[in-house]
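Once you scroll down, you'll see the structures, which are given as structure tokens.
What follows is chain A paired twice: with chain B in the first complex and chain C in the second.
Presenting the complex of A and B:
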């Protein structure tokens, strides 16, 4: 039946595909009006709002949507295998191995069957995750849970609370390590959130994502997950980490500190980088060797978890740039902001055009913190007059804390106190390695 | 007289310094209440609003302000040399060498005498800049101009116009290369601004800054300036570049493309990095060798400069983060925003909580562009449903353009047209290497 053979296609696009005798699974060659040529396997769509694109899975594993309007020629050049996925049987649990809970929240690592949509969708369950990487069962006794299934750009403070509470539950139930699968877009924000929300950890908590979905030959889903489970099961550490590829080679998975990491590339497998800090640990997939960084808190089953999982969204991160409208700070005030992180330039500066608005905010006891948009380095507001003027106003420099961690920490602090001085004190108090206070040696 | 000997100190701090028999130039040892020890030369202050800090110049060249409140002990441990500066005689002009105009706008590179304030101040003139680096006179016939003296965090669209017009004037007056000294905080924003504002360049324009002021042993002011002048005088290129240290070694100065560079560290000398692009050229201070990157526009004196130096500040850059209040987009609308650059996550995403506000903006013909806060990589909104939903709304992905360049370009485009379709077209049209359109090979 034509409709099933061309599942998800409609209108003009459907007519054109029929005319060319294309079916789902056919290998098509499209020539664009600008004479670009695209070859790939026709895959089905589920997105009914778009009637204008043909979606091909290309040889390199990528999907591409090509507008019919821009296509001058469409040919079937062969019949490919219809996309399919075979699920291996779930691994047997091995008694005696460390117990690791895998909690799934969505994201590319939990996405496999993108053929239905022509795009990657969160679809895989935690059990699937474990079953597609059978070698996990030789590392740990795996126990899987689906918490929710969400693209990480939609994950925010309410999800952080759910995740923190789930971590507590899994540890209470005997997990000797927790792995949380998560989309990569906001993985580092969640890493910071859990670092603050679950303190005094007895065991490690590893967030893990994938930059390439698991149906692509270059996927990092399996190695990242294997590394995360190995570190959760075996590493002598008790901290929140983000387990991702170290570099473009396949064999080292690194656990970045949850408060010291950010996604630094839109698509590369080595997108995650530790900032102003060393990673917590690494796992070599080839040798099974774990390397720990000095000073990382060690496992201690007697340690009692402290859960403070609430976050207050009245914290605003504002990136400064030349020509910035200071009225946006006034707007934040009128929207009930209770604390501001300014992402300034260089050592922690904004233009003098912002001074009046900042004064107003500070006068109304809304604390204003400073980080730097340079990403790397430490803010230092004593070097230049601008910095000193801002310090005199009451703006608080956050040392070497990154902006993403700062906004998450501020939401967490605001949920615990209304006192401006307490907020300041809590923001500056090192917590889960988020900040390194200036020492004599570093004085600059 | 005590006051001159302790210039700039007042109240309690002055009393304490007198009691310890300290003078400007004395070497002091301060012990903090937390038992940190600071040693350095006492330097004068000009900031009368602050009565609570003692400012020392430390051995490593940094100045540090230490609060009297946190000091438990203050001793004079020696008499240092009173800070002074001797100005060499200005270099003679050498006829026959290429003519290079040095235009000074302020910043660390133009700051030397920080002893008056205890902090770095923009103070040095363009002529001083040339005279402190006498070797410049063997490279080019230097002609110096002070345009203004401003910390770069205060530099914005109105200054960009002044600089663009000055570049045009210098070229009209026969400059075979233009060097602009500028603070580093917003150096890359100005680099983008000039790239757009002065097109069809016949000669190179090099912005240059310094991460360390020229009175510090580790200063990069002289090498950066030398490299910038050499590239302006000698490199066979005609583009706007930012000349800065390549790495922590002293001998390579790199010209980054004005539209493809950002400050990536608060303080390191190699803070500036080319993003998603190769630098234009490099200059080896040891050998004098210039290396050019393929495809960079070459000098051509017959080329007629096109100056479009106006910028419209009704462009807003908004960084997304989990928990972002979509009402801030509504606030921007009510403040008269005419175009938005959203700095999204990953491949170019924001949470679904923003959809309604974005719809409203787009309905009112305010174009919304997407860049990524990952810094590196290309946005691709075809991969995930979130991206496709945003595309369907009308959000426009800016390929591999960096956020800082995007907001500057949008201000420049808004000054030229009010048509939404024209704005979109101009934003996506490659200009001074700001964007690389996706090609077949890169399709993903």
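Presenting the complex of A and C:
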């Protein structure tokens, strides 16, 4: 008997269940040593649980856990209906609508709940997504692809490269917009990575995620996906954006600029906020209206995509805090770091205790950049002496670039050059709106 | 959690302890491992869209009047927000109760008459109170009743807030189901089949556009329509009263409101009325091809709503031919019920994966077992001896909402007899309630204040009832304010002396004529003035002194 048939059960309980020929979904009758009788469907057990209980779903829907120690008899009295998931057939495409490619990479938006266990499983393909959100077919002609299925905390530079190359492929195949479904935890890092890796975009690329899986009444999966597809199909823009809820209502899906966005809440649906910038565009789910922000690059099919999808991971993002051990910078050096982003306090400061270590790094031509841990605002190292000292050392302030974008950009720049002066120049050269000389009041 | 914007927190350990304690008192067997479930609730009352719920124990029982009543299941749930109002497009909830731990005790399907239902509910409530951990007051203990009769359907009635109502709700529900069965039989006699009732909606906008009906006019003004559907051979049955103020037509209307978001319906048995006159009725009937035995229903609203509303009406009409439909109904304060929603099944329940299962260890059970609260009978016995109460007083206290207050008051209000406190908290409050005084408004701290004032000598014990009565009508006030407003503050000795002097002076003749016999009559006069503000023994003493002075 395959172990999966008794998912999550181990040790003695597993032996007992096997002996009774029980399978997940079997209807069991357990008789306790005090002659109580429990009947229900055998339910898989979480791998994180102990190995001494059996979980049954009673007829009224409730699950109960019964200790094997208390059980004197275990019988299979029937076979329950096998759980199955029937995919609704994808809606027919309407001819003449803009072509949008949906590429799935995993995460909550692409997950569905397993009703037997309640576990959220990343099992929904892009095609499933399109079929459970049928309204998409009235917005665009949808073409779906699974790239990989990964929780976003596991996504890194190698995945960025795969995604960048996929975007290029979809655009080459005629997509008038690309939507990438992605877990939310590292969504903004991927947003920055793609912003740098695919330049001179002819059409928009929208990353989309969901904070709440689609089995929940408060799920944002369908509205976010609808908004992302609508913006990919219809918005007159050509940039990498992240499409998520604007606020707590299912009302507006807003596309943040890939280089200017951050996840600012662990669980709210409006966790993503534009930092030091205005969003690219927004989509009203009720009226279907799209609003664009001034100055966003417009679509232009004649534009030729430039793909530079390599990233060098020898870049460190180091957060300064009171009591920081400057040895961390020394050990970064000994590990062969090629560039450092320091996330300083306030306007861009670190303690004077770091001066010697920084001096050593800079002397060895490892560039050190400064961003701020305040999240919002611009680094300015000319205001206080500490800042001036750091500037004199050669620490390079990154203006209003956010730390997450800075580290991604540094990896991207390092993959292209090893010259300290070139790295410095490329880091400060505005790219995909990552850095601006002026912050608008409305954007902060 | 007010919103689903944050994952649920772990099961509240104190609530779990109370539920386990409760289970033990009900002789139910705690589960070895508690699994929290999500129950999908999308009416808005649970703002997360889920109600978390978990089975704590199974297979309990209690004896009621010598009969062993099985208690199938004890669950611990999150309470829902309570609905405080609605408009056509929105429902308003109060969230003060949302997420409060709620223990649900389900009895086996064994209660055979309405009166027994009430007794069982009372017995369970009594044991709940024994834990002293359950909230008191209207709505904090609610009864959901599952009622079925032979050939009828299982009906769940939610939110019966008062125990006294249980037997009434059951009686009405039996009556309602019998009435529906009668209608069914009559429809069958008229050889109506469910398939005869068709979803064929006729647009009667042009017929009704000239009517005086405000509902129709307002729907049409907003670009809506009036649609009608024929109910073959339903004539006369729509108005048949099942229970007070509830007809088959009402049941259809509630369905239409629920599914069609419409304001209501017009049915042929109640027309002409509401601004729709007989000529309109005739023309609508004609347009539907109605014969004499046929009925019809009209809905005026937006096209989508009107269609959905009439679909619900058709569904309810088909059910009328076949059976009593299974429903979840809400109890009205008079014991009648109203359609709330269709009855949900087990499919709406699935595991709450964000809350890991809780293992109930033997040590936890032993700890709870050792601190098990006493059962009501024991508690009453103890009160009797400890505070020299009568057994009736003690039992009444245990069954009242005021036992914790009683204990606190007796402990702090020195010099106030426990039996007096008991009488006030049971009989006196109840008699005030009978006089329609809203005693449920009185807070525990106000009760304490009132007795404190007696204990301090600031007011007479005879004044307590007046103070409580005043507080019932002034929930924001204090007992101190009450005695001011009611002029019940104890008089000081000098105040009392001057009042006595004044009365004695103005009754000089009587005092002169009657000599020492004047005391009794003077006493009446003085007490009339100072009752509730002075101790009668003190008044007697001061008055006697004064009279002696006068004689001298």
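Of note:
To be clear about the criterion, the second predicted complex is superposed on the first by the 345 of 444 C-alpha atoms of A that agree within 3 Å, B and C clash if a C-alpha of one lies under 4 Å from a C-alpha of the other, contacts with A are read in each partner's own complex, and residues count from 1 in each chain.
Here is the rule we use: a residue touches a chain if its C-beta (ideal position, glycine included) is under 8 Å from a C-beta of that chain, and two chains touch if they have at least 3 such contacts.
Please read these numbers as outputs of a predicted model, since none were measured by experiment.
In the superposed pair of complexes, A:36 makes contact with chain B and with chain C alike. Using the contact criterion defined above for the overlaid structures, shared-chain residue A:384 touches chain B, although it does not reach chain C.
In the superposition on chain A, A:268 makes contact with both chain B and chain C. Judged by the touch definition given at the top, the superposed model places A:64 against both chain B and chain C. With both structures placed on the common chain, the touch criterion links A:306 to neither chain B nor chain C. With both complexes superposed, B is the one of chain B and chain C in contact with more chain A residues. Look at A:77: by the touch rule set out above, it reaches neither chain B nor chain C. Residues 36, 38, 49-50, 58, 60, 62-65, 117, 119-120, 266-268 of chain A lie at the contact with chain B in one complex and at the contact with chain C in the other. Residues of chain C touching chain A in their complex: 3-7, 29, 31-35, 37-40, 42, 48-50, 53-55, 58-59, 73, 75, 345-353, 356-357, 359. On chain A, the positions that touch chain C within their shared complex are 34, 36, 38, 43, 46, 48-50, 53, 55, 58-67, 70, 113, 115, 117-120, 212, 215-218, 248, 266-269.
On the chain B side of its complex with chain A, the touching residues are 36-38, 47, 49-50, 58, 60, 62-65, 117, 119-121, 151-157, 160, 183-186, 189-190, 262-268, 271, 311, 313, 315-319, 321-325, 327-328, 331-332, 334-335, 343-353, 372, 374-380, 382-386, 388, 392, 404, 407-408, 411, 439-440, 443-444.
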